[in-house]
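Look at the two complexes coming up: chain A is in both, with chain B in one and chain C in the other.
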Partner chain A sequence: MHGVKRTRQSREAEEARKLKEQAKLKDYLLLTEDLLSRKKKKDWSKEAFDLATKLLHSNPEFYTIWNYRRNILINGIFPSSSVEEINSILSSDLSLTTSALKAHPKVYWIWNHRRWCLENVPPGPSSPTGEQTQGWRQKNWEREMYVVERMLDADARNFHAWNYRRYILSLFPTPPPPTQELKYTTHKIESNFSNFSAWHQRSKILPLIWEKEGKEREEEMRELEFDLVRNALYTDPNDQSAWLYHRWLIGPHPDPILLTREITSIQELLSEQPDSKWCMESLVHYTLLLISLTPETEREEMKSECRRLLAELAGVDPCRKNRYQEISERLGV
Partner chain B sequence: MTSDSELLVPLHVAYIKSLGENKDDLVYHMTAHLRLNAIYWGLTALCIMNQKEALDREEMIGFVMSCWDDEAGGFGAHPDHDAHILATLSAIQILVIQDALDRIDIPRVVKFILSLQQPSGVFAGDSFGEVDTRFSYCAVNALSLLGKLSELDVEKTVAYIRSCKNFDGGFGACIGAESHAGQVFVCVAALAILDRLDEVDHETLAWWLAERQLPNGGLNGRPEKLEDVCYSFWVLSALSILQKLSWIDSDKLSSFILSAQDPDSGGIADRPGDMVDVFHTLFGVAALSLLGYPGLVDLDPVYCMPASVIEAKGLRKSWQALERRSK
Partner chain C sequence: MASHYDVIVIGTGLTESITAAALSKAGFTVAHIDENLYYGGDEASLDLDDLDQWAKKRSAASDKPLSSPYLQAQAEKFVSISAVASPPPHSRQYSVSLLPSLIPSTGPFIASLIASGVSRYGGYKLLERVAIYHSAGLVKNVPGSKEDVFKSKDLSLVEKRRLMRFLLFAAGDFAGSKELQGHEDAPFIDFLRTTFSLSMDVATAITYALAFCSAASDPTLPALTRIHHYLRSSGRYGNSPFLVGHYGGAGEIVQGFCRVSAVVGGVCILARNILSIKQSPPPEGHPQPTYVVELEGFDEPLTSRLIISAPDYTPFLSNGTSQDNTHSSPPPFSSRRVARGVIVIDHPIYFPFLAPPSSDSDPIVGASVSTESMITPVDTAVLVFPPSFLPDGSSTTAAHAFITGAGSMSAPVGIVNISLPLDGAGSSPPDAKAILTPYVNATMALTKRPSSGDVVSDPIFTLFYIQNQLLPSNSENEVTPPLPDLETCFTTPPISPTLSECADSAAMNAEKLFWKAVNALKGHPTHTPGQGEEIPEGQDLVEIESFWPPLETIVDDEGDESW
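Take a look at the complex of A and B:
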């Protein structure tokens, strides 16, 4: 029960609730029993299909009934349908489950059923010369992009929706260019810097674009990313999302000049926000990276700066003080 | 002591026992698709509170066996429900805890589990093919409990988990997915069972996990999200496998979990003041066990089962919980 407030009910109120529920419970049990026995008898009729719709409407988590529904389609309905009809049945199943999704945005089984519907959309319609087009698929895919965007409007962190979005993008008959997806993440980030899901998506899309556009364009785009993330860091230095993204942007093997520039920039932010845990934490991380790129004899000053920051971190962020102490001890005295 | 500082063991035991007695309640029937999982959650919570006998063993084994789906060769969550890897793992875990594995046709179950592995190395939940690293963990855990890991293509299984690793050290549900504490638990625990923790970036992941703790002591599952008791277990489990439990404030976390108890009717909720359920009750109790809460039984964070059961099977990996306090 995620996020449902606990209420105290008297015994009488509880009994009254159960009594009121009895009719609903009886209907539910009868329908369940009917469908499970039809399933055993391999009843692949349209009537069973409609009953499944009804049951899934009251309980969209009943995975066995989702399976049964698909088996009715595969074994009973598709064999006697034309490809046009199959396309239209699957399109209407997608429409039908959209309302279920809005009411239950985190139910795995509904998302899963949409994937199955999409994957089974047949090629077509035929062109005048008799060739199969991808028209039906393209149309269904486009509609799914629309649905998933509405789901992300309602909850911009819903990981089911993000996973489904990546799934659609990866199987699009004619996919939109990755730059369009990058724009989408920019839009999501600009409406809320704290949306780490969108930053994460950016970390997956940019490498695809860079691979295509070459080193020079990558360098230019990286600088724009630093501008975007710096803007976010200055807007709310306590928000983890942008700091995590900054770490991705720097990467595990940065150029020392770039690293030094970013360290200086964070030091400036720290001077404005002297208690900022994330400024200090990031400075320690990046300074440790820089130490690994520096000759042994020139490391001591940086090490002592790290030790100073780690001691301060243990004070401002006591929950994680053991971690700071451990890193400090590893640095030696 | 108030409910904020003490685990209300007798109330939680009574709450778990009462769960099977609500058969006139709509919610009871609407959650039938989780029944076998719920029995595993309840039984494991009872074991950790040293009250295994509170539920009848024979009745439980009988119910598990009534969930067998003979067509597929696996377990459904309820009699007449379809076989699924989630329910199959719960069935195996219950039977192992009750020392009753001899009741099942092991080669058939192994065949069912292995049939779910996809060419990419990930596992599907059932024949309809939804894939998720959760299902990879279910397969690895179940095969290990059945003593049949040697039949698994380990390289392929590990390769998929590796491809779900993100720059923050965490893991997602599938390739490209955002890191999530629940998925981190399943991936790290699966790698632990397969002796492949070398795939994990220990330092980065332990940092990311430690940053799940919020000022109120609770843990969230992703950056800038709310705390929830179930993440207590998922984050702690991964931290204890990485041997970095000391990187969070255990006292504050214990207080948060205890404050999510229902002091009148027992059970633990996702957060203080919410409705309790058996899922959060297990993960709250499991987390407290790892934090060394006095009087509790040791929990194995890799299998999420009593540590003594895993040790007896010779399956213990090198995790580290906090030392059990005497009071």
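Take a look at the complex of A and C:
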């Protein structure tokens, strides 16, 4: 029969695998014991270094060993190495951790180790006139940008990668212009706008650009941002990241005309998508904001609209029922 | 060479070849016959010289008495054939598919490709784009994903919301939903406009470029089912739901299935005319007759207990049996005519999208997307002409132009395959070339680089014809014997002619045929062990559990968790 042989085989394979696992576990525990005792004895040898590397291969989250390994470098290996050798060791460590990141993209200790490597790259190489250039560092930073971009291609929502990206950008003595970074976030948002980090990055970069470009240009660009985020809201009203960005754009002290316009836009969206919780929630928030900018006498209609929305929200989002009721009560005062 | 087989499969079309491969792999002895000197039958991929010969053989048919009932059937199927220009040199660099096809990334066809091992023989590429002809020299992109909808500059905010609502509905579980109730047979485009309040533009794009409908009357439920399938297929290998096979698509894949059959012992005979097919009384102990197939140039006839045949060979069956000819019934399938054009180009095609509004060109915020399409040509794409979009084109049916370029390995620059279903029955046969010329001109207008001084180029070879296509029915009982007394003789049912559906249709037909054959042959296989296979002790019967047997895979040793 066709099926029979194969199951028999894989049962055997299962047993073999289990035996292998037991052997691996035993080796791991022995290695751990060995390294921890070496650490206690302050063993800074190359042998210990290599053993640590081996252990971190199987368990990159063992931060104690990362620390120990760095101490070996600082106390044992670096003092007896030339600047070139140090740079080369750190470069190869960076390569090593690149592979580690591919398998474990969210382990804090790997990202941490990369930062440490970058910070410890010595100034160099020396130019013909004997000056220290930033050559090695520059080369590493550029490579880091490349690595981070690949990581973000694989997972655009990995906040470790975004944080690291900001860190690298801050290291460059001549950093790339914010407009370039803005284009990068545009690219990421266009491919999938359900990405808190990309919008967040935008909210960090735009103020830098606006500062340089001046008030008029800021107004123009804000309009473009509203256009962008409105497209996201209409395409997927369920995506919270776009709503958060919208709220940031509005800011704490918006112009009442702008606010009214946005409220109208959201009301249109709500009429297309009557069950959208975020629409209702945002309308309440913005209307309350508008109320605070409106003279007392014209507030009543907006207040009753808020109350109506809050009642509906309590139905659509019963987990937060009490919150909506509380807001509604405070309105009545 | 043995002369008795479990099954003789006549015709090496896609359905027949998948079936033959599956039956061979299941342990049956299979002889596979085709009168043509190439594999593939009506789904073959031919180089230009062979294509030229193909056309000549079928258009010369009316002049002289035909050498074979098969060719007669072919000449009735392919009419109004006209070739413009003789084939250019280096004909073997081209591979023209007689059945243009897209392979959905999920579905019965790709499942069979993988399970049979045929996928390992060939290469595939992702379809780049589907676009809709807008007006002279301009096309519109068709949004098929959330990303497309978000980025689109052609849709208003409200249109985006409504389109997303529809896409979510179609991707979800709509069977029995209140939106669909009562509308299953209504025209799909009307359903979109009324139930989802979609604008005419958007509804047109969905109907003809997402669902691949061919007319405004096409019903809702099948179209929705297709869209559901394609939405679910998107993302498996990339942004598009569809793969395109290298070296000519379906025709190349057919050869893969024939090879699979041969590897496990199947015999394939090409380029021999069939002289006769007769029945002889069953051997002792068997309830079914033996079929005797005489081939030209063979001393001994081939015999088998079962025949699976492409429809164009069935005249042999009614002529060849000792039964009364008056029993031959017409196939229970409806048919339609489709105009087809094969256009070989030596300048690539560009898809210049409508110019984006000014916000996109803002120096700081502007996206860079649209300009890219203005300078790079498309390689593998579908261009859709909805009804009435082309002034001299059809006002009732849609044309689909399938462009395959150098990246698909089917031509040095490209081949365009145009299909336009024809409406109604005219008394005089329509002129394929005249009908398709407006579409050819519109397509060739896109060989000019946008905003440049280029001149529109001409095709280096064209072939036009009308194909009378049988359409699949919805009934379960499609696989029926052509004659009531031939229980062990099956004709392959028609494949859906839709560009995006034909491959899956062939795979599903093949699977039905496979099980019918297995049941008919049950209990008395002539089991020839495949390579390396042992017949377990005490068992001389083969239990067939699945369409394809498990593939030999290299067992991956998990090993160390190395980075």
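Convention: the second predicted complex is superposed on the first by the 311 of 333 C-alpha atoms of A that agree within 3 Å, B and C clash if a C-alpha of one lies under 4 Å from a C-alpha of the other, contacts with A are read in each partner's own complex, and residues count from 1 in each chain.
Please note the rule applied: contacts are C-beta pairs under 8 Å (C-beta built on N, C-alpha and C of every residue); 3 or more make two chains touch, one makes a residue touch a chain.
This is a predicted model, so every value here is computed, not measured.
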Fit or clash between chain C and chain B when superposed on chain A: fit
Chain A-centred angle between chain C and chain B, computed on Cα centres after superposition, in steps of 10 °: 120
Which of chain B and chain C A:182 touches, first, second, both or neither: second
Chain B versus chain C as contact partner of A:210, first or second or both or neither: neither
Winner by number of chain A residues touched, once chain B and chain C are compared: B
Which superposed partner A:166 touches (first chain B, second chain C, both, neither): first
First, second, both or neither for A:224, with chain B first and chain C second: second
Per-pair minimum CA distance [chain C against chain B, superposed on A] in Å: 13
Chain A residues contacted in one complex by chain B, in the other by chain C: 1-4, 6, 24, 58
Residues of chain B touching chain A in the complex: 24-26, 29-34, 76-77, 80-82, 84, 126, 128-130, 166-168, 172-174, 176-180, 206-207, 210-211, 213, 215, 217, 222-225, 228, 244, 246-249, 252, 262, 264, 269-271, 273-277, 280
Chain A partner contacts - residues on chain C that touch it in the complex: 146-147, 149-151, 157-158, 160-162, 164-165, 359, 362, 364-365, 367-369, 536, 539, 542-545, 549-550, 555, 558, 560-563
For the chain A and chain B complex, residues of the former touching the latter: 1-6, 8, 18, 21-22, 24-25, 28-29, 32, 36, 39-40, 58-59, 61-64, 66-67, 70, 108, 112, 115-116, 157, 159, 162-163, 166, 170, 194, 196-197, 200-201, 203-204, 239-241, 244, 247-248, 251, 318-320, 322-323, 326
Touch list for chain A against partner chain C, complex: 1-4, 6, 13, 17, 24, 57-58, 96, 99-100, 102-103, 179, 182-183, 186, 190-193, 209, 213, 220-221, 224-225, 227-228, 230-232, 234-237, 265, 268-269, 272-273
